[in-house]
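So, here's a batch of structures to check.
Shared between the two complexes below is subunit A, which has subunit B as its partner in the first and subunit C in the second.
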Partner chain A sequence: MHRYIIRRVLLMIPTLFGVAVLIFLLMRVVPGDIVALRYTADGGSVSAETLAAERARLGLDKSIPAQFVDWMGGLLRGDLGQSMWTGRPISYEIAIRFQVSLQVAIMATLFAILLSIPLGTLAALKQDTWVDYAIRIFSIAGLATPSFWLGIIMILGLLIVFQWLPPMATVSFFRDPWANLSQLIWPALAVGYRYSAVATRMTRATVLEVLREDYVRTARAKGLWERVIVVRHAMRNALLPVVTIIGLEFAFLIGGLVVTEQVFNLNGIGRLMVESIIRRDYTMTQALVLLTATVFIVVNFAVDLLYAWLDPRIRYR
Partner chain B sequence: MRATSIHRWLAALATLLLVSSTMLPTEALAQQPRPGGELTFVVSAEPPSYDGHRETSFAHIHPVAPHYSTLLRIDVANNYKIVGDLAESWTISPDGKTYTFKLRDGVTFHNGDKLTSADVKASLERIVNPPPGVVSARKASYQAIDRIEAPDPLTVVVRLKWPEASMLANLASPWNYIYNAKKLAEDPRFPEKNILGTGPFIFVEHVPGSHWVAKKNPNYFMKGLPYLDGYRAVFIRSASAAVAAVRSGQALIEFRGFSPAQRDDLVRALGDKIRVQESPWTCVLTIVFNNEKPPFNDVRVRRALSMAIDRWQGSQVLSKIAIVKEVGGVLRPGSEYAATESELVEYPGFGKDIEKARAEARRLLKEAGQENLKFVFKNRDTQMPYEPVGIFLIDQWRRIGVTAEHRPQETAQFQGDLRNGNYEVSMDFACDFMDEPDLQLFKYLSADKSPANYARYNDPVLDELYVKQARATNEAERRKLVREFEKRVLEQAYQVPTIWWQRIVPHWDKVKGWEVSSSHYLNQDLRDVWLSE
Partner chain C sequence: MAVAADAGVAVGEERGRALGVLRAVLRFCRTKPLGAAGGVLILLMVVAAILAPWIAPYDPLETDYAAMLAAPSADHWLGTDAFGRDVLSRIIYGARTALLVGFGASVIGTTVGSVVGVASTYFGGKIDLLVQRLMDILLSFPIIVLAMAVVAVLGTGATNVILAIAIPMIPRAARVIRSSALAIREMPYVDAARALGFGPTRIIFRHMLPNVVAPFLILLTAFLGQAILLEASLSFLGLGVAEPTPAWGLMLKGAAVEFAERAPWMGIFPGLAISAAVFGFNLLGDSLRDVLDPRLRLQ
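Then we have the complex of A and B:
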């Protein structure tokens, strides 16, 4: 197991290096210039010499391989560098947004788990009854409803019915938990609904499949209680694909909530990523893509480890 | 009967007196500025850095300007008169080349340092001759400055190489924050990441991507000001989220402005709780022809395309859906040096008989051999007002048989193509902090003189006229020269204005002491703003 973990950690290095090379090259291929954008897009009339000096200050006058070496050198020293747009350290800019995205992801995941596993199991146990149909309608509606659209409906509903909106500015949970939760609960619900719908469908399908397995039949033949059969024997096996789905969705939520973040004015990673790309903030975009890739790799790794815990038959070497 | 009538009259008079005696003080009281409260406002973008000398966006001015003072300021409430901010008074030498400013005594920075002429000198020099690594975005506007002196702690002398009509206005630029000389000496880039001014509000907190908080400066040099205890700027990118924030009362105002539809939504939802202020805006979208690419190097083609546009009808139609309204030439209509309507209608493309203009446009195209002209019209993918104006233009050109393919582009790519000449016809934009010919005409100078000219032409006639009007000391003479400049620009049609912007600011009625101006860069120090509730 330890060897497996070490191997997986070591495998992360070439994967992340590949991602780094790819995003570095892609950003250079995209047309547009951060310096011209910053000083001329709002009608400014900055001279060509000033723009050239600013490009040199940012290191954009160097050859592309030299820029890559500079960036990789910084990464190896653990220095993500500074945002070309704001001049602030990238680690600081990301840390502010990451806590928001992480909190929304955790809240949405909790919501999805609390909703999907009982509902999915219940639908499987009550297959083809009105309970199953109701849960299926609920989950299919969730799949068909884009999170941002649900977010807009929530905003309009709160505004029109209660003349109230969730806070638009970020408040730390540790400074004001109530304000923090009243801001983040809505996007978590909007995203969590679709997320729970995916997981409910998966839970229902896998529980149905597991309930038809021989060992469940054997357990029933032994006269075990249905509750014990479902919870102890069926659920543990049925949860394996659900854990994969939850893991992937969780990783996606960290950087993928671009439109939902716009709707709720969330100061998250997704919005920062889009803004960085629009501004051609190379250093920031590269760091964010690396972060997102790392989150995906780590979450996948965690899911694999969780497999071994859930199913003792799985052993990694 | 007669006595009763007299009694009735007396009773009515007494009632009237009583009512007026109770009403007048209440009304007067209602207009009395009320100290206290925190103003929350929306900013639809975010300041990249804290340095006003470097930045060019309103996203910087709105949260940052209240921390700083400038040497002079433009008094919006007083017909845009230039008044002193840190300067108590000033004199201009008879030859117009020496400006002497007397500074207010007793002004302190937020850290307690006393402001002296050394701070003003260091700040202005940073704008005029920025040290290496420092960007001065408006350096080109101060070429006339020869040197800046600080003969005593409360006197600043600005000496010019030649007299320049716009110098006072440029010195009153809202971007020209006065920084602490000591800090600049330690690190010329200190203002990029730190706030240290003498303005009405002290910096408290900036959470990137979220909000900006400031509190009242109790030692502000204008006694009794500011009224607010503080302000909070919330960064909201999405226009619909910004409208929702104002509608819910979470934010009371967005100073840049909303579209007509958003204004109507807010008025419908909030009724008399909302007050709408509108103003013509010193911003305009221009059509830029690539003067290096045939057939746009032919004045007949350019002029024909300008003449096809019915700006007057466009103004009526577009003003209902977009933030544009007034028809004008190269200067904002209604401003001091702008063409009057009777002057304007004489320019090609600005007459009111559109059928006649379009017939002439068709003739010019035919003469140039471009009857079935087709081209790509590049536009910025910003919805307001680029998209509606772009669509309007394409429809106008269609009416003279010209086919333009609308190609909206993401801002970075759009800007890159514009700068590099990778376009045939493109939209462009100009926006200034005040109506001043030197500022607005600069864009139309030869490309080798104006970095804001993307139309890729050089015209020594325009350059000469620009210098003449800039140095004209007589108002009538300057006006005449500005007209000549404008006439040449519009006749040559190197790049032509479309319809000037209209600023629409709906805000909660309880926000008092703020007047909309023709620039979203002006009047943003918030020192006179107060909340009635």
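Then we have the complex of A and C:
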């Protein structure tokens, strides 16, 4: 087990390095750099020397390999560098936004778990009845509804019913929990619907599978209560793949909330990513992509370990 | 399958095959009513896209400053947008964009992914390992982030958006196809083909790829809905299809908050179109998966 963990951790390094190389190269082939965008986009005339000086200040005059080495050197020292757009440290820019994205992701996950596990189990227990059909249609509709459109509809409803518009700034949970929750619950629900749909379908499928296992038949033959069979025998085994799905979706939500953050005016990681790409803020985009990839890979790994811990039959070597 | 294609198909056989397809479709409709309902939704969308110039009441690009943000009425069934363009006509024409990008992206993504998956299993060893690592790298990007980065490189517009959506699909398709291809590689006919002295290209394209058609079709339908959703998201962010092309995501872009109070129809109807389209593809894809291979489960 220890050897397995060490090997997996070591395997993360080449993958993350590959991500770094890929996003670095992608950003360099994007037409137009930040200096051109900033000084000449509005049609103003700026002397060539000013542009060159600005490029030199940002380190854009160096060769591409040299820029990559600079970036990697900084990363090894734990320094993400400065945003080319704001000039502030990237770690600071990310820190002030990470909280919002993380909170929405956690709330959406809780919502998805609370909704999907009971619904999925119910659909499986009542397979091919109207309950099952209703839950299935509800979840397929969840997969089909774009979360940003659901967000727009929510805003429309809130506006018409409560005269409420998403505020421009986010209140910290620790300063005013009520205001914070009443603001973030909507994006969490908008994202959580699709998320719960994915998990509901998974729960239904695995519970159906487990209910056909021999040990469930044995439990029935012993005359156990149906409730005990479902909760203790079926669900405990059926929920393993659901854990995986929930973990992976959670990992994608960090940084993947791009569109929802845009709709609800949330200043989160996803929105920062859109802005950075549009502004050609190389250093910021690179850091953000590397961050989301790291979260994804680490959560993936954590889910695998959790799997082994939950199911003693699984042993990694 | 490959042999039949080699020998050439006689006319009578062709008619027999067409009847067989028709019979299969009818059986599918009978046993999978939900899937058939999805198929009907898609058919409606295809018809709307093809007949757009005849059924759309207005030119989707025609601006009418006398009727800006007009509420739904007999003239404009679904109202007009900020430029006085007819929302219904733009939704009908938007089906063209959605289908073009959806089919384009998922066909390219699934095809390239399948070829990569089959080729990497065929060669095996170091090549397989290297390809797998490369796919791991691509898989660690959230789909929308990778698509956004590709659009930033290529620029906006329908063709570029197709590529931007196809690229994140390649590793996902390759991974699924690889697991099917692993078993095929061990089949005696692959050994036989090799013994006959056929090169890798011929074995991969003529002997292995035709045998992953079932997972290929399942992936294709699963990706179609996703591609339409992604196109809408990218267009909504301003990183997709560019104005004034009628596209559903783009129509929602202007509708978000600014016009919420004055023109809610702008925000409601294009979203309904997206949901209906994706719903249709998901229903069809689900049932198709049950019919083609009950063991293959994709979420």
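The rule is simple: the second predicted complex is superposed on the first by the 313 of 317 C-alpha atoms of A that agree within 3 Å, B and C clash if a C-alpha of one lies under 4 Å from a C-alpha of the other, contacts with A are read in each partner's own complex, and residues count from 1 in each chain.
We take it that a contact is a pair of C-beta atoms (placed from the backbone, for glycine too) under 8 Å apart; a residue touches a chain by one contact, two chains touch by 3 or more.
These numbers were taken from a predicted model, which means no experiment stands behind them.
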Next on the checklist: Tell me the contact category for A:86 with respect to subunit B and subunit C: first, second, both or neither.
Outcome noted: first
Checklist entry - Just subunit B (first), just subunit C (second), both, or neither: which does A:298 touch? => result neither
Next on the checklist: Quick check on the superposed pair: does A:263 touch subunit B, subunit C, both, or neither? Answer first, second, both or neither.
Outcome noted: both
Next on the checklist: Contacts for A:26 in the overlay, against subunit B (first) and subunit C (second): which applies, first, second, both or neither?
Outcome noted: second
Checklist entry - Given the touch rule stated above, what does A:205 touch, subunit B (first), subunit C (second), both, or neither? => result second
Checklist entry - After lining up the shared chain so the two structures overlap, which partner does A:134 touch, if you call subunit B first and subunit C second: first, second, both or neither? => result neither
Checklist entry - What is the contact status of A:155 with respect to subunit B (first) and subunit C (second): first, second, both, or neither? => result both
Checklist entry - Is A:36 in contact with subunit B, with subunit C, with both, or with neither (first, second, both, neither)? => result first
Item to check | subunit B versus subunit C as contact partner of A:272, first or second or both or neither | outcome: first
Checklist entry - Just which bits of subunit A does subunit B share with subunit C as contact spots? => result 30-31, 152, 155, 159, 165, 262-263, 265, 278
Checklist entry - Where on subunit A does subunit C make contact in their complex? => result 14-16, 18-19, 22-23, 26-27, 29-31, 140-141, 143-146, 148-149, 152-153, 155-156, 159-160, 165-166, 198, 201-202, 205, 245, 252, 255-256, 258-259, 262-263, 265, 273-274, 277-278, 285, 289, 292-293, 296-297
Item to check | Residue numbers on subunit A that touch subunit B, as the complex places them | outcome: 30-34, 36-48, 50, 53-54, 57, 85-88, 92-93, 96-97, 152, 155, 159, 163-165, 167-170, 262-265, 267, 271-272, 275, 278-280
Checklist outcome for this item: So, in the complex, the side of subunit B touching subunit A is made of residues 48-49, 56-58, 132-133, 135-140, 192-193, 207-211, 232, 234, 236-238, 240-241, 244-245, 247-251, 283, 410-413, 415-417, 419, 429-432, 442-443, 450-452
Checklist entry - Okay, in this complex, where on subunit C does subunit A touch? => result 133-134, 136-138, 140-145, 148-150, 152-153, 155, 225, 229, 232-233, 236-239, 249, 252, 255-257, 260-261, 264, 267-268, 271, 274-279, 282-283, 286, 297, 299
